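Letters are used for the chains, namely A, B, C, D, E and F, taken in the order the chains are written, and counting of residues starts over at 1 for each.
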Amino acid sequence: MATSPSVRIIRTVKFSAAHRYASAKLSEEENQRVFGACYRPHGHGHNYRLDVGVEGQVDPVTGMVMNLADLDRVLKREVVARFDHSFLNYDIEHFAETVPTCENLALYFARVLPPHIEVATQGRMASVRVWESDDLFAEVEL
Amino acid sequence: MATSPSVRIIRTVKFSAAHRYASAKLSEEENQRVFGACYRPHGHGHNYRLDVGVEGQVDPVTGMVMNLADLDRVLKREVVARFDHSFLNYDIEHFAETVPTCENLALYFARVLPPHIEVATQGRMASVRVWESDDLFAEVEL
Amino acid sequence: MATSPSVRIIRTVKFSAAHRYASAKLSEEENQRVFGACYRPHGHGHNYRLDVGVEGQVDPVTGMVMNLADLDRVLKREVVARFDHSFLNYDIEHFAETVPTCENLALYFARVLPPHIEVATQGRMASVRVWESDDLFAEVEL
Amino acid sequence: MATSPSVRIIRTVKFSAAHRYASAKLSEEENQRVFGACYRPHGHGHNYRLDVGVEGQVDPVTGMVMNLADLDRVLKREVVARFDHSFLNYDIEHFAETVPTCENLALYFARVLPPHIEVATQGRMASVRVWESDDLFAEVEL
Amino acid sequence: MATSPSVRIIRTVKFSAAHRYASAKLSEEENQRVFGACYRPHGHGHNYRLDVGVEGQVDPVTGMVMNLADLDRVLKREVVARFDHSFLNYDIEHFAETVPTCENLALYFARVLPPHIEVATQGRMASVRVWESDDLFAEVEL
Amino acid sequence: MATSPSVRIIRTVKFSAAHRYASAKLSEEENQRVFGACYRPHGHGHNYRLDVGVEGQVDPVTGMVMNLADLDRVLKREVVARFDHSFLNYDIEHFAETVPTCENLALYFARVLPPHIEVATQGRMASVRVWESDDLFAEVEL
């Protein structure tokens, strides 16, 4: 019997956070030139949206690639609880050194989330999208 | 002359339906554990959104991969007329036995729509996305 | 000193539910004629959105009309816990007899929510909007 | 001849900003209890949306209540240039003392914008809505 | 027994149209100055959205202010069939002379739609909103 | 050391334009049959949305695939300044001969934008999406 195509489910969570763009490797003039308004000393903020894709065969009994309740538990614990109402540069250790751009947030979630998701599913984490606003997002295919 | 890249058009239709998650292969306790609130006896509902992708070369005279009026006719007949205002488990035969998750809806449309679309176009149906809500969708690449 | 204008805050919650339109006071033919596809025997469903407005003076210390954590607690308990994943006609006693239209949902929330909200605030509940889909909502000004 | 009804136009601008909720009039325990996660020391952020309503008779020659180019100039200068990429508590003097809730932002714009708008129009500024996220906004009718 | 509050339902339809802003009562320089890019000779276009509000008592048997099927029939015939895929200045007689701004569209619908709606309902048409884009709309309360 | 996965950023711009569908290679009857309402003589319009994807390695100092200020400058000059408030068939030379469908707009941007973007970045332009409305878009992967 032919196998079914694999299916990807994409789940969205939201968090509100502040960030500031500045690099210790750049002079003040370079920081100003590269980051513009994002270099303002006190930071500014966004309502972020994270889309996590999990891909695999659909279980013939449950009709699911991964139980949503399990996925939601991971995303609540690893994303919302840590990132919502945070200042990325100060509250998330990784972003003390790494500029918290949309791209770096996507790379970060693409690296730290798969182990949490893959113990709970026969599928695999396949994609990350981080939306900073309605007109900008970064995506990584794993 | 170099050929043009192929183009994919994505068309969206919406339908409102109810569903209930329960599997005859699971005990009542297992159904409760796996499906949680989705196992409630009377079912609940969603405003679904279906995105169908059709891919091919653009016709140099019409500027189209597929005539939208033809695509809309197929989607109206095969999706909206059958699924809108339905209770998936009772009104759509396939979902009498198959749990009507987002994933299974995507697999179903990925199997039943291509013959209807491909007789009407030189392109091919290339993707399905089924949105259950703003924060969950399932996708299949064909 | 002139008083500040009063401010209305509007908070949104979502729930997914099924419903069926049928009136015991109408014959089968009348039900069919009045309710059309909404009279299908098994019901269908929606992702509903409820906007609750609370109006009052802004507290000069907290900057709030009403503490959002209190409002969220009421809406979670009285709306989401009861209505999400429900079949309105069967799971919510009021809609056993009353047709669960958008209008009747708005009237229901306009009647049952104010006492819960007003004990927790110096403001008053001022408006209800119930969205059944992106292109239909009902509103009541209290 | 009967006069035309007056018309209200509503124009939207967006800005990204960080804020922190804390009141010098409250103890640390009270701040924690009243503001919860919003009291975190480094602040967090939002993509804000501001809807400004201007109401009046439609000019029979131009078809406008107020020239949009004039309105956009005011909103760009008084809102976007000052608030986008800011940390409200530190960069906007008014919010050094006043908690930058949605309600207080709405009151602020309702007080400071009308003189800028009314010199440029025969209409009057009639309403303010400040959206902090998709599920919360504050509104003031002037 | 106390009467119920009245309820307003708001129904949305969409249409795509082109328009050009120019007034025969203005010189070319004045047209250029007042209308800017909207004065370009060939016109430009929008996806418009029209929200029509109908207000009244909810019928105790049907749970409706106005039968949606009736309202949809009026909006399809008087709005979509006439305005969708049109060039407002050339295809809609009223806008041959009147500048087709958002404001004038709202006034037009506020004048021409009520007779069609009020013969079909015990309610009354109460409001019009015309959205030209996500960041601009005009509203009239009747 | 293992390299990082590449990241794609997607940036959105909007423009309002009119268009008309008609082909000089088709008879009037054929034009009518193929294009339907889109063949109306005066044209109609849309609020378009263009999503441009740029893909590459993230710069370890700036945290960026491409400086957004550079990308925004290109999109403002090559897209918004030329296309906003335009009538595609008359104001954009390419569409004098080519039917301005969603598909042809996507192919056009996929051909003309990469040289402007690639001089300003170590990344490459990787994708184009052109949205004509909420329920239709065309996409090209480069």
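Here is the rule we go by: a contact is a pair of C-beta atoms (placed from the backbone, for glycine too) under 8 Å apart; a residue touches a chain by one contact, two chains touch by 3 or more.
From a predicted model like this one, the values you see are computed outputs, not experimental measurements.
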Partner chains that subunit D and subunit F have in common: A, E
Residue-number overlap at the subunit C/subunit E interface, same or different (half cut): different
Angular offset of subunit D relative to subunit E [C-alpha, multiple of 5 degrees]: 120
Centroid-based (C-alpha) most distant chain relative to subunit D: B
Recurring contact interface, reference C-D, options D-E, B-C or A-D [over half identical by residue number]: D-E
Far-end chain from subunit E, centres as C-alpha averages: A
Centroid distance [mean C-alpha coordinates] between subunit F and subunit E, Å: 30
Overlap residues in subunit E, where contacts from two or more other chains coincide: 134
Chain pairs that touch, as defined at the top of this document: A-B, A-D, A-F, B-C, B-F, C-D, C-E, D-E, E-F
Parts of subunit E lying in touch with subunit F, wherever the complex brings them together: 14, 16-19, 37-38, 40-47, 84-87, 89-91, 133-134
List of subunit F residues in touch with subunit A within their complex: 4-13, 58, 61-65, 67-69
Touching residues on subunit A, where the partner in the complex is subunit F: 21, 23, 25-26, 34-36, 98-104, 106-107, 110, 134-142
